[in-house]
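The next part holds the structures, each set out as structure tokens.
You will see subunit A twice below: alongside subunit B first, and alongside subunit C after that.
Up next, the complex of A and B:
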């Protein structure tokens, strides 16, 4: 008897949660989004195929999610070779060399986007509007109901974002109208694999990620730019193992020393 | 004391067990599989063709000869199969007659006397010790004894119904268990009336909640965590009732009240059969058409076997799904070098009964990191505690087997 939460089933759940955003983003950003999505998907599938033949790592539908995250959050990239380069780096270094999705430390989409933002700083990326934000909200609901998105991370990230925005003297409601920010909050910060995995770790990870989004957004890139949420996720997921280690140390006090 | 277990998952299993009696049923063959006695390296005491009574010693441990496994029924030894490393593979008995070995109860009121009685009568293997979940050494002293009188597995018989009419035996057995330990005897039961009167060093604890709420690992981690220096023993309610009967009558009853259910049967049955009953013969008239797997144990944590295991109180029948014949290239591409990683979802967080960090523990088990797993609390657990984790991660990795490998590593260290 086996449950439904196999790795591939979970990735299909994330793909279906993304469908409303696909519609909204196509309306908002136009045909170029689909073009970027196609190129990124082809590149990621190629690398998955390479690792399938060389390392016997099965293909994963998570390629669809990574490719779409790149398409939405790298809205300004016109040169397709830039996407080819970044997606290759992101999927190989961020995911495949660790053994594929489920064993990675950072989200492959985040690595791809960070590579794009760093390597090609002259390209201007614009955010998306409230339509994408609403669609991502529906996706978040599905993920919460299915237990793929941790409610602790969702609540902690929202609280971290609101409190840090408040502390910086800005309007706490403004970030939730930015499509790319809400999208990143749900699908990048809420990524079940690259986020923290213990109860206390998730609270700390979510709060840090939310606060970093506000700080990067208001103080640096601009709250409407997609850079804030990507860099916040990158930094927060690097801290996630530390939070987990602390949470485990606290939670296992009662067993420790048991095995002499 | 009432304890609500907030973890656990509701399992989608159709059909309910019937009300009514457990029907005493004769079986054509009884089998004892060596896999049930994994910690024992047996010295066989009988030979094929020999007549045995219920309670006749069949084999004992080479290193600790006080650990004896006795015949669950009177009959004749059919065959003895020895596997690799001269371990017992299977011993089968054709039941006939009603002979039973009588035990001397004179010294049963003292701690040493009770131990000797349980060991001679073959009730010692009913006890299992954590950490490691093995039959305890004959002279070991537990810090506490847990009587598991609750079963939350799908289609498990209700302990309160099974113990109806056996209340005195059960109470006598619980009282006697106090002689084995200086510590507490915990009777863990479900909602309902107390199965025994609380008395000196006996506490009744009620557990409610979804599935792992009824597993000894959940109870032990919650009430009295086991350590290597202070091990904890557990025993199921039917063996406690058998101990009570042994103390009253001098003969041990090795019958089990079991359920035979699952999606492969026409209707669930309640049966009273000896330990090691031939499940193929019992289920044959009940099967629905098509190939089947017959499991000793629940759908969730059962093991495919012809004979009812020593530690299982139910049997399940599920459809046997043969892998589809696929194109050779697609089949080759799907054959991964490593099982797919699990994704930490809310189901994984709820899969372990004890309050321990589930995702780090499962990750440590899946890479076989014994030290880390011990630090995270795997010494509290047995293989059955991880069946739900295997279910909640899509069945890609058998975490019960991984836990056993890690426990063996820790035991040998």
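Up next, the complex of A and C:
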């Protein structure tokens, strides 16, 4: 079985984990989601093609995941040129210039969505209902079983979210009924590339991301809005390398016997 | 003609902003409109040329041990004069530039040219070098200011170019352009473009990621 686990296996697993969400979201949000998905996918594929020819960076099916995340979480965007602009920015600046998927620092979908939210603040985005949350839960199960989604990140993020929600005096069960929030928790915060990759780093990263979702959600954007989870992921994934470096430094110190 | 090299190489080949990555702070802060970018560039050019000439003129009399203090004193005095002139003749622009004219003192570009060039070269050459670097800085500021003001507000120098939807036109302003991160992105894209055209500017890589053709691990 050696040689099966290469980059695109992982991205195909993420794509298949997303299938239940695709069904749920098309029931919940309707045709406009598929339209956004199609435009985003075309734009991302175009840029993957450009970088394939200019820099020999292989194509990746992760384009499906990025495009779908944009389609679901940018639920208020109706102008397609905004999707074209944001997806170009997100995929080129967030992913392709670092060498393609697998080498990026932040998730391309998160960059695209943050661009949309910042550049067009007048567009109102609404969250999705519990159906998408349940579907994302099934996707999460597949990802956990396959080891693509780290259980440490999943547990830490859930704990961080619940504890911070509790600390803010809100109902800790409410976030888990929000489709966009659970979707973001599984597919954005749990993104295997942009998240931390050491054990301790994953605990810290997950807890930070979860707590940020709660803070942004309850105190600013609204827990039902998709903004909270996107901004939380953006910030947390910038801290991920720091957590990893700290975890490596602590481990190195231990090996050297406590003085180094 | 060789003297003129000092004037034109800092424009693109040795641009203080895009190659030496100096003066970034002000390049982010004052480029939301062309007017502020232009006034800031002019203020910097005046301060840079004057300080370089003064420092170059007295370079043989400056004791090495206190040269930085002396350079800063000269630059700071000139900055105060420039700031006062802008306040006197263009008060509203001075308000929009807030502290950034005053912060020319700490602009690495000014001290950098004083220390690296004016301390070792005659007055005429120092003036040319300072003018070239100032123009290079101004060029980048105006380019970024052009894009940010045009796409962020639909105007250039405050004159409407694209009528925005707020005024009944067709153009949706990109609010992101008026936020500081967009200047970073634009500067990054500009540096990318320049280095694609002039590969000589690309720094050597710090480390190479080896890619074996038969390795399929992620």
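Note that the second predicted complex is superposed on the first by the 251 of 260 C-alpha atoms of A that agree within 3 Å, B and C clash if a C-alpha of one lies under 4 Å from a C-alpha of the other, contacts with A are read in each partner's own complex, and residues count from 1 in each chain.
We adopt the following convention: a residue touches a chain if its C-beta (ideal position, glycine included) is under 8 Å from a C-beta of that chain, and two chains touch if they have at least 3 such contacts.
Since this is a predicted model, take the numbers as computed values, not measurements.
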Comparing the two partners subunit B and subunit C, which touches a greater set of residues in subunit A: B
Partner chain(s) touched by A:166 [first = subunit B, second = subunit C, both, neither]: neither
Which superposed partner A:7 touches (first subunit B, second subunit C, both, neither): both
Touched partner set for A:100, first subunit B, second subunit C, both or neither: first
First, second, both or neither for A:121, with subunit B first and subunit C second: second
Subunit A positions touched by subunit B in one structure and by subunit C in the second: 3, 5-7, 10, 102
Of subunit C, residues touching subunit A in the complex: 172, 174-177, 179, 185, 188, 192, 216-218
Contact footprint of subunit B on subunit A as seen in their complex: 1-11, 52, 55-59, 99-103, 146-148, 150-151, 192-193, 197-199, 244, 247-248, 251-252, 254-260
Residues of subunit A touching subunit C in the complex: 3, 5-7, 10, 79, 89, 93, 97, 102, 115, 118-121
Interfacial residue positions of subunit B with respect to subunit A in the complex: 9, 11, 131, 225-229, 299-300, 318, 333-338, 340-349, 355-357, 359-360, 374-377, 379-380, 390-396, 410
